[in-house]
Each structure stands twice: as C-alpha cells, then as structure tokens.
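Order as written gives the chain letters A, B and C; numbering starts at 1 within each chain.
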C-alpha cells in the first residue's frame, strides 16, 4: 500500500525520464559487424563539417577527405612541390599554356580509371562555380583539355608561374563519374556512397563521435600497392585535455591536431608515447590597418614594431616552439625564396618613444601614454598562442607609451571583422603560405583577398607583378625578395615567427609514419597513414 | 546596537514578543552551517572589495611557466608565468560583480512580474505562460547564442545571465504573493481605495521580501556558475579575470590535467561560493519557518 | 470530457511553447554578427563568391520573408539545409538527438530514483546528522563546476583506474548485446555528472515541501487517528510534497536538455547541446535553428506524453 502510493506519485517523473530515455534508445542502432585486423585510432578536436573536398575547409575535413581525393603534387618541407600523382609539368615558351603529365596506374576504388578527365572536371568546376580559396588562387585560368588520359593542357590568360603548383597542391581531384555536373558541385554534400582514389575510403560516419575509413585495394603510391593498416578511425574529442588522457589510456593511437605546449611536454615523459615535430609553412603576424589615420603613418608602425618583445613571444608565449622569420613575409622555411639578409626589428621601447616624439607626438596629460595613440588588438579568443602573445604585445607597447586594448573574439566574429577591415591591429596566422609569388599578390596587392590591412603601394605591386609573370624560378626570386624587403621596411606586415607543431602518437604500437610540414599534413597525410604499420 | 540588545535580552523574552525578523535572526544564529556560510560569503566579499590591496592585477608574463605551488606563488603559476593566486583574488571580484549584478537585474524583473501576476488577475495567465515557456527553453545554448551575438564583455555576461534567470524568480514570488493577495487586509486596502501601486509596494512587496533575500543569494550563485560555463566556452571578457576565465585559460592551453593548480583553485572558489550561498539560504529558510525553527 | 479538455489545454500550451521557442531563436540566430558565408567559403573568398553564396542560401531576402518561409517549411517538417554541410538539417541533428535523449533521460531517471528516498530521509530527520549529510553532499554536488568534475573523473576513474572509457558514446565495431553494454559503459560518467549537478535541487525542494506538509493539519489529523508516522510520511505528506517537486522537474527539462553542453564537451559525448555550440561557431543558421526547434520539440513532447500518461493513470486529474 505504502509503496503503491509512493509509486503513483513518482510516476510522473519516472515516466518523464523513461519516455525521454526510451526515445533515445529506440533510435540507436548498432553498427554492422567488423573484424578489424588492424585499426589506427586518431583523435581530432572537431567533426568533419563537409565531405566535399572542394568545399570543406576545416582541419578535420582536410584530414579525412585527403585520404580519398588525391592532390596532384606532394609538399616538401621547404614548401616546394614534388611529383606525386603528377609526374611532370611545365609551361610553354610564352607562358600562356601549361601542361601536366600524370601516372597511368591510378584507379578509383569502383574500378573506373583515374584520368586527365577528372582533373579537367575538377578545375572547371572550381573555377566556374568559384569554389573556395582555390578559385581565388588561379585567376589566370581560362580552360583545360585532356589531350590524353594521362596529360592535361591548360590555357592561361597571362603568364603565371604559380598556376601549376597551386592546383598541384591546393586542388584535390574529385571523380567526375561520381560527382554532379559542373554547376552543382559546390552544393554537393558528398555524404554517402563515396568513391576514393586515395589509400582509404569512408565506410561509416557517426557525427559527433567517429569517422571510419577502410583501406582500398589499389593505392600504387606506396610500395606495397595498398595501405598497410586495414582501417583508420577518427574520433572526435572537443576538449584537448580529455583527448590527451585518451592517448595516455591507449584509447587513441595518434592525435591529429597539434598539441598545446603543456600537454606535449607531459606526454613526452609518458612511456610509449613519442612527440613528433613539424614546421609550419605559414606564419603568425600582426597587421596594421592602413585606413586608420594614425596607423597609416610609417613612424607609428615603426614605433609599434620596435615595441614588441619578439624573444618573449617566442620563448614564453610559444614556449620555444617558434622561430623568427627575421621580420620577413618570406619565412626561412621556404629556404629557396628567403632572403638571408633579412633582419628582425629590434625590441627597443626607447627607440619607439624617440620615433614618436620626433614625429610630433606628446604625452600632455602625463598618463604615460602618447596622446591620440590607442589601438584595439583583435584576435581569436580560443587560439591559446595568440591570446598569450597578445598580452605580451600589449605590455611591450605600454613600455613605449602606446596603449593597446585587447579584443579577443569568438572565431567567426573575429574572421568577419578581419574581412570587413574593422580593426586597428589584427593578430592572426596564415596556415600555409608556400608560394611567395602567389601569396604576396593575395595579401599585399590592392584589393587582394586577404589584404585585410588595405595595403596599397604601387612599388610593391610592380614587384609582385614582375614575380608572377616570370617563368623561371631564378627570375621569380629577385622581385620576391625585393617585395619582402619593402614590406618589412614599410612595416606593412609584422611577421613574428613561424611555429613548430608538435604531434603525439603511441610508438609502442605503431611505426612508419611519414611526417610532412604544417598541421594540415603532419602525421595524418595520406602517404603517412598508408605507410604506418603496427609494431611487430 | 539593537542587535546586541536583542541577544542579551532575548532569553527573558517569550519568542512571541519578538518581531519575525528578530526571531529569524535568533534561529539563524544558532545554525552553525548557516553562520559558517555567511562568514565565508562575507570573506569573499571582502576579498572582492580589497583585491587591489591583496594582489597585483595579473598581467604581463613571468619566466616561471606552469610552476606548482611554492612560497612565492602559493597557487602556482599559469602558462604565461602569471600568479594563479592573484588571478583567483581578482577573479573573485569579477565573478561576484557578475553574480550580484545579474542577480539584481533578474530579481528586479522577476519580482515586478511576479507581484504583477499575483495582483492583477488578468495578467496572471499570460505571465505564468511566459514563465513556463521560458523555463522550457534550453537556457545555456541560448546564453551561448546571445553572448556570441553581442560580443564578450562583463556587461554582456550580466545582461545575458539576467535575461534567462528571471522566470525562476517570478515563479517563486508569484506563488508567495498569491497567498498574500487572498488575505483580508489586502482586500481591505483595496476597498478603502488604496492605489494599485501602493498596495503592491506596501503590502505585497514586504510579504515577498524574505523570498527575495533567498532568491538574490541563490540567483547570484547560479549566475556565477553560468558565468564560469560561458567563460569556459570562450565567451568571457578577455580583459578581466573571472574564475571561469582562469579555467578557460587552463583548458585552452591544455593545462587542465597537466597543471592541477590551474584547475583546482578556481574550481574550489566556485564551489565554496555556491555551496555557502546555498547553505545560507537553506538555513535562512529554516530559520524563517516556525515549523523548522527550534525554540 | 474533462480529460479531453485537460489534454487540449496541455496541447495548446505545448504548441505555444514550441512556436515561441522557434520565433525567439529564429531572430536571435539571424541577429548574430559575422558573416555566415565566411564560414562556408573561407576568409579567402571574393565578393563575387560571397554574393553567389548569399543567394544560394536565401540570405539576401528580408528577414520577415525568411521567417515565414521558414515557418512554412517547418510545418511541412522541413528544417532546411545546412550551410556548411549541404546536408538536410534533420539528417545532421537526428544522428545526435538520440544521444542527448539517452543522456538526459537516464540522468532524470536516476535523479528521481535517488532523490525521493533522500528527500524523505532529510525531511523526516530535519536538523539531524543524516539531514546535514544529505544536504551538504547534495549542495556540494550541485556546486561543482562540470568541466572540472569531468576532467577529474576522467583522470582518476578513466586513466588511473581504467574503469571507464575516456570520452565517446560507444566503442565502434560492436554488435548485439556488447554494443548496448558499451553504450551503458560510456553513459555512466556523463550521466553521473548530470545527476550530481541536479540532484540537490530536487532533494532540497522535496525536503522543504515535505517539512511543510508534515506540519499541516491533515497530517496531524492522520496522526490523531492513530496512523503510523511512516504511513503519514509516505502516504499523506509525500503525496502533496511530490507534486510541486515533479512539476519543477518537468519545467526544468529544457534546462537539463540544453544544459548538457559542458558535459557533452568534456566527455566527447555526441549530443545536440554540443552541436549547438559548434553551430554558433560556424554560423550555420539552419543547424542552429534546427537544434533549438528539436530541443523545444523534445521538451514539449516529453511533457505532453507524461501529461497524457499521468492523466490516464491518476484519476484525480480527471475529476
């Protein structure tokens, strides 16, 4: 009796819980049975957003789709391109035609041969529908023809020394026969019935949890002709701290995202865990908004540049995992292009003060800051490194009598304000800047896509044009170095460092990774995951 | 002075001769949990007020990165070598400001609507409906949305948290006020022609005052939790230190498990504040209620 | 007749709640600063690409037009297409919803199962040491910051002791019974965290109302009639004390379903709360909007179903 009454009264709440739970359980269903002989489990902090490799632009998107849609060339750790799917390439004498030869032994996993037609289809879709960054990188493209199954010819509107290497690395090739017609490619979700020409193919997707890929039979780009492991699983861990615990517990074999320094240091000491390093192909910098009346003055930018404690940024905020680019927009990682003469701005607040005083600035109200000089420093709040050095930058500027306010924003607001040029000083980084003639144009030419600072300098543009029109590397190098020097002298861009990324994997269980530069490729590039094998 | 008087003469007085507030205080004082909690809150308020005297505002950087607690840094240092103790002290200030400001705002809205609903029959249904509906909304995701919408700052956090905390207050205040509106003296006030505003402020408001006291403390402590949650998700004020911000820094830099002192101390601060305010309001409620008050 | 009226009233209230949630979130989402196209095309897009994208998603039309178009589609069960994924929103979210329901449902169930005896225990021994222990434990549990607690549990019980898996909802590649066992195994820590966070409010409300009820006349009357104290508590007092408490839980289910964001983040649990947080960062309006619609629908339906079942089971509602 007593029990009954009690039950009647708790009924509502128990029912509520039961109803909700039943709704959940009923809609779950177990996966199909799999007897994986070998599976490598990789941690990532974010879900795959878009499975269309031409559209998806997050790290996870790239890591997963890279394993199915091959890039034509391989990135070296100096930023140059090696043959991969493409075996040879070149330009005509007048620079208005480009050509490329590809291997003949590649197939899509459904048996369809991988041919020049797929390349023509992809480049046409990208340029016609203006998909993503790649479209912006190849404005000189006019048309493409498959002259044979293994050879493509491109018609260009003007000589462009960066065209082939840009499509070679930035454009994953998609299957013409499994994609919709040109015009509908950008809106294609590509979220099922995948067709792959890479070492693996997606077989199972559980949003918010994991992505399972299985090895395909024919992958001629590794010696064995096929990936060594049978399956690759990406598991999503939104929190990097929990992710590191999972690696230590053996639930993960590898972490794809680069690790914050404190975690890397702790993992380093753990038995069976190895930390691998890869250089970034991009750099971190601050941009000064040239449309701002005060910042458009060279003296102010110089004063700012001398008020940054570069050493502290690299040793404290980056914990030593950063190297100076000598204040050059062409980082020493790109050893062919970098100017050995480049020198970093000296950290000298007194010099900054002198420059500003000479320029007529005073501190009339005696608050320790020059009057009329106060800037907002815009950065992305969730980027730990930048948030840390933004603080150091603020303190350094204060020593020189320059007031900086920190504006840490959520990612999208931050990106939007950068695009709308709504900032004084913009802190950020470029992930991969490997082809100077191409990126100098995007970043420093009037109206360039990523010219957030609104830099407009005819002298600089002349040098960039010269570099892009040149057809031999030697001829490109001279104007590239001159442009970098000009950018540094005029403080159009203050490049602080290039980062060294750290990645962790379980070396008790796995060996044979092929590490490549930048966190886009790192240990999870297709070659690496096709080569990795379980220890004994 | 009155307080001391009461305490010395209290034993000779029959409880019935005391005013309700005095009786409550007498009962409250005898509850060690309640008194202890009140003391903890008082200390935290003092820390918040005296923060500039207790520690330097944590800024800049130090050479000793992620050092465990030591004599120089009793709470250790973070990933920029800044003193965690100083962060927790200054965090107390911001967390409490956010807690009390948003609680104040929420109470203002909540009490006004609650009394209105109880007094004006015609408004009761729509207000109650609004409360029910608001309570059914997924609050934290909405807070995330609005905080991202307005951009992170202390003001944003205060307004956002207040915006989603008032329905709870309204609900409680309404039910309490409702029991008063049925009492004869309110009807009497109405028949002798007291203005609505006068009746609401002179009769209903005092009747719900004890509830408000509890609500302020509870809403504030919940606001501190919400602030921590939002900051932890990266929606905090970048220029100021709150407990949530310290935890967010630790999370972002990967120090959550690596440097336990970056996680433990701000978490403890949150725990201490929320636990004491909850226990204090329970003790206060018990003291106010003649049935639980031991005489 | 009464029953029909009761259901009708509940249904209308549910529909109004739902409409309100949809409208509020629709406009909130669209007031977000930032450029939704940016997240799709990346920062390197040209103005031309931007315009194409805006048109593609109908973002160039007036807000009111977008709102009514959205409502029209919603009535037909169409939540739209995700900006970033080019997938139907329902598909994106339906993969996540079951996990949210499982997590919050199990937490709710456990809370009630643990909460009722604890509340009674505390109320009947008010001021005693049992009461103090229950109160303090409950209050401490409620006051723990979820991510800190989560990482502590993962570190100790997951890594050091190896009792629980670290994050995730289920181990992949399992079938049959072992699949469901794995689901439960992964559910324990996050569910426990949620229970801890809300148990106190349930127990304390129950305790307070029960103390109140035990002092009421009808309890004294029952005692006077010679009813044993145990029966007075369980039969007479609890009946009245439980109603406001359960109503509270019913009202707070929205809070619970959405409040799991932090839990889902730290435990890598694939729920809707996390999807919302991610969609805010990606400015994926349709997914964001859809997630709120789904959460609101869940709350409304769960309330409605329990109301119906309650109405059928409890004769007093009919009277």
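To be clear about the criterion, a residue touches a chain if its C-beta (ideal position, glycine included) is under 8 Å from a C-beta of that chain, and two chains touch if they have at least 3 such contacts.
Computed from a predicted model, the values in this text were never measured in an experiment.
J.: Taking each chain's centre as the mean of its CA atoms, which one is farthest from the centre of chain A?
T.: Relative to chain A, the chain with the farthest C-alpha centre is B.
J.: Most contacts: which chain pair?
T.: By number of C-beta pairs in contact, the leading chain pair is A-C.
J.: Round to the nearest whole Å and give the separation of the Cα centres of chain A and chain C.
T.: The mean C-alpha positions of chain A and chain C differ by 37 Å.
J.: Take the average of all CA coordinates in chain B, do the same for chain C, and state the distance between these two points in whole angstrom.
T.: That pair's centroid distance is 23 Å.
J.: Starting from the mean Cα coordinates of chain A and chain B, work out the distance between those two points in Å.
T.: Centre separation, chain A to chain B: 44 Å.
J.: In chain A, which residues are in touch with two or more of the other chains?
T.: Within chain A, residues 239, 241, 245, 410, 412-413 contact more than one other chain.
J.: Got the chain C residues that touch at least 2 other chains?
T.: 33, 147, 151, 155, 253, 265, 280-281, 303
J.: Which residue numbers or ranges of chain B touch two or more of the other chains?
T.: Touching at least two other chains: 148, 151, 251, 256-257.
J.: If we count contacts the way the header does, which residues on chain C are in touch with chain A in the complex?
T.: For this pair, the touching residues of chain C are 33-35, 38-46, 48-49, 52, 56, 84-87, 91-92, 94-113, 116, 147, 150-151, 154-155, 158-159, 162, 165-170, 172-176, 179-180, 183, 230-231, 234-235, 238-239, 242-243, 245-246, 249-250, 253, 264-271, 274-275, 278, 280-283, 298, 302-303, 305-306, 309-310, 313-314.
J.: For the complex, give me every residue of chain A touching chain C.
T.: Within the complex, chain A touches chain C at residues 1-2, 5-6, 8-28, 30-34, 36, 39, 46-47, 49-52, 55, 57, 129-133, 135-136, 186-189, 191, 204, 206-210, 212, 233, 235-239, 241-243, 245-246, 248-249, 251, 410-413, 415-416, 418-420, 442, 449-450.
J.: For the complex, give me every residue of chain C touching chain B.
T.: Contacts found on chain C: 13, 16-17, 20-21, 24-25, 28-29, 31-33, 126-127, 132, 135-136, 139-140, 142-148, 151, 155, 200, 204, 208, 211-212, 214-215, 251-255, 257-259, 261-262, 265, 273, 276-277, 280-281, 288, 291-292, 295-296, 299-300, 303.
J.: Touching chain C in the complex: which residues of chain B?
T.: Those in contact with chain C are residues 33, 129, 132-133, 135-142, 144-146, 148-149, 151, 221, 225, 228-229, 232-233, 247, 251, 256-257, 263-264, 267, 270-271, 274-275, 278-279, 282, 285-286, 289, 291-292, 294.
J.: Over in the complex, which chain A residues touch chain B? Could you list them?
T.: Its residues touching chain B are 239-241, 244-245, 259-263, 265-266, 312, 316-317, 319, 381-382, 384, 387-388, 391-392, 394-395, 405-410, 412-413.
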